[in-house]
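What follows is chain A paired twice: with chain B in the first complex and chain C in the second.
Our next item is the complex of A and B:
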């Protein structure tokens, strides 16, 4: 565990040193500020549109950070040839992968913390109440979703040659699932066999990242998600993350390093 | 020396100049259309975005509980948004949609329903109607020719949020973009009649609305009788309250011809006649 944590710490430190997060955070602040400065019928208590815009920016920024950061981890180690001394030490490939995963996940978690803190401030500046538990729940679900995305990107960085192609493919897949994942079953029911079964099969197999997207609940001040459902969501995310990490390890352990 | 490449280059240059000039003329003719940034950036597609913003306002009105395009594809055609229907039913939750979500098709969908709004809930129950306004404002910016945006926003501003001045300003903005709209004139007339109690102004605006309606709708095979009826009813009420019973009677008589419930209108006519002491 110490080895994995040591590797993860390096990734987190690297993320802190890089400018990606700062640029995206400043952009989020600026765009939210611009949206908030619009005069809407002289009513300064209108807040939901601002919450929606801010949350959308947070989602986009977090996905950019998670995918770009993860996609370059293994190719960079290969390019700089630091992977050889690293794996020459008593570090197994599984530990290497887990270290990279944990580092990226913790780093995006820290970024999310700052983003959601900003969201809370924006929301509190206009609303009379501050539902901290709801925000924590939304942030936690968001973080779980990023865990699946990071594991998938890690697998992609072993399968695909360049970080750019891996990043693009991951972005397309994640956006596709977030936008269409929930509706695949409805589309499938309108198709003839065997396409119906095929699409329904895909619907059950893909990781439903949109499950973790509770922006609408936060924007429109809905109640907390029950604890039992949350536990199932954690189990769902953990299963997919573990599956993708295992797949990454299976591919990586047979892959030549150079 | 082979002159072909030089000739080809000259031909390409001449074509580029001619096409460029034509494009500049075309652009100069088009850009001042509305003068808005959206028009310049999005062209005609801004109308589709405006529709999306209007639907977004409707989704906000239902606290995010709204059918997706995939859900809508499976139900019968619906031309009006819930927001418009809700205005017609004076904000009561009687407009046509299911109070409960459709049953889940599979366990994954049932599980997923916990993570997004899945119960019917109107904003007005919580006094948060103002939250729909940003999207209506955006819809108006994107497509100033969309009349419903102005009438719907004005209704909420005037009737529920008590922002009469803002409603009037927005309706006037809509009227500048749609000078022939009898719908906007009707809303403006209502505002003067119900909120400002400015009878002469309300009468002038509502009579102008009737004039516009007759000009645009009267000759149509399927005219907007409901719109005409609303203007006449408003005008008749206004005259009745102002004590001009003869004028009110004249408007009620016209209303009876287009009303889906002529017997109710006749009752009002009878009441007025009784007040005047005239035989029925």
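Our next item is the complex of A and C:
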């Protein structure tokens, strides 16, 4: 565990010292600010619209951070040859992967925290109440979802050689699932047989990331999600993450390093 | 007791493209290094030195044969607890300072917190990077990076050092320092296994050497014995053994 944590800290430190996160954050702030400034009519619904835009930006930015940060980890270790002195120490390949996973997950978690704090400031400037618990639930589910994405990207970075193609593939898959995932079964109904089963198969196998998207919880100030459902969500995310990490380990375990 | 044992080692690289020939980097290598020895692993470019080390460190699985460190098969990660390794090309996490890098590796070796700072101070002093310890590694010169590499290889106070061309890229003073460090480690009873193209240096610090050529072991023995047998210096012996025509 110490080893895994030591590895994770390096990843977090890397993100803090790189510029990407700051650029995305400033971009989000600017875009939200622009969206806020077109609020000429001071209409009540405009607040909701502003919150929706800000949340959408946060979702996109968090996916970009999670995927780019994860996709470059192992290719960089190999390209810069830092993996050699590292794995020459008593580190197993499983610890290496877990450390990278944990580091990326914690790093994106920290980024998420900054983003949601900004969102809190934005909405507090327009509204007088602060549903902190709603924020926490939505942010936590968002973070769980990113765990699955990070595990998938880590697997991708071992399977696909080029980091950029892996990043693109992951981004397209994740966006596809988020936008279309819940409709696949309905689409399948309208198809002819071999395709229908195939699409149904995909529908049942993919992680339904869209389930973790509870932005309405904060834009519409809905009631909190019950504890049982939260527990199920944690279990669901943990299962997929564990499955993807195991797959990554199986591929990486015996791979020659040069 | 043998620190390093290699039996019948064969290393092949299979390329991904179908139909490409398999490249054999090491064939039938047998080697034994005893505790406390300084062992020079020589051979021309492409002889298979780095490939052999890659097996010792578990980066590449042996195609056949076995390799052991302290009697433990190199496939077990625990075999690497008591070794220090300096890779052929050294690039470290550029966004870290030397101190942070060493702290990270010290954590990986699970060196107790109380000892950690002390160890880090000691190795930084040894490689003379004390003045630059809080600077990011990307601001280092090549020789400084090489010395940071040596520092990380020594962080766990290893009993066996595996160094792949430790003096490449160093100035004459740097080379001398590395020689001094190797000799000092020897006097502490440590084993050093290193590859080098600097034969003069090898002659002064090594107890024994092996010469590899095209993946095969050509010669192995005590430096003093070899010099006496051939009545020549190490460079001449080397050239003769790899079949290079001697200059008149």
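As a working rule, the second predicted complex is superposed on the first by the 251 of 258 C-alpha atoms of A that agree within 3 Å, B and C clash if a C-alpha of one lies under 4 Å from a C-alpha of the other, contacts with A are read in each partner's own complex, and residues count from 1 in each chain.
Everything that follows uses one rule, which is that a residue touches a chain if its C-beta (ideal position, glycine included) is under 8 Å from a C-beta of that chain, and two chains touch if they have at least 3 such contacts.
Because the structure is a prediction, the values reported are computed rather than measured.
Superposition of the two structures on chain A leaves chain B and chain C fitting side by side, clash-free.
When chain B and chain C are set side by side, the one touching more residues of chain A is B.
Shared-chain residue A:227: touches no atom of chain B or chain C. When the two complexes are overlaid on their common chain A, residue A:9 makes contact with chain C while staying clear of chain B. Of the two partner chains placed by superposition, only chain C is touched by A:85; chain B is not. One geometric descriptor of the composite model is the angle centred on chain A: between the Cα centres of chain B and chain C it reads 150 degrees, in steps of 10. Once chain A of one complex is fitted onto chain A of the other, the partner contacts of A:257 are limited to chain C, with no touch recorded for chain B. Contacts of A:18 after superposition on the shared chain: chain C is touched, whereas chain B is not.
Closest approach of chain B to chain C, taken over C-alpha atoms in the A-based superposition, is 40 Å. Chain contact summary for the complex, chain A toward chain C: residues 2-3, 5-7, 9-10, 13-14, 17-18, 80-82, 84-92, 254, 256-258. Chain contact summary for the complex, chain B toward chain A: residues 60, 63-64, 68, 70-71, 73-74, 105-106, 108-109, 111-112, 114-117, 128, 130-131, 133-135, 137, 157, 161, 163, 166, 170. Those residues of chain C that touch chain A in the complex are listed here as 13, 54, 57-61, 77-78, 80-81, 83, 85-87, 89-96, 100, 104-105, 107-110, 149, 152-153, 156, 162.
By the touch rule above, chain A contacts chain B in their complex via residues 38, 40-43, 45-49, 141, 182-183, 185-187, 189-190, 203-204, 208, 210-214, 216-217, 219-222, 225-226, 229, 232-233.
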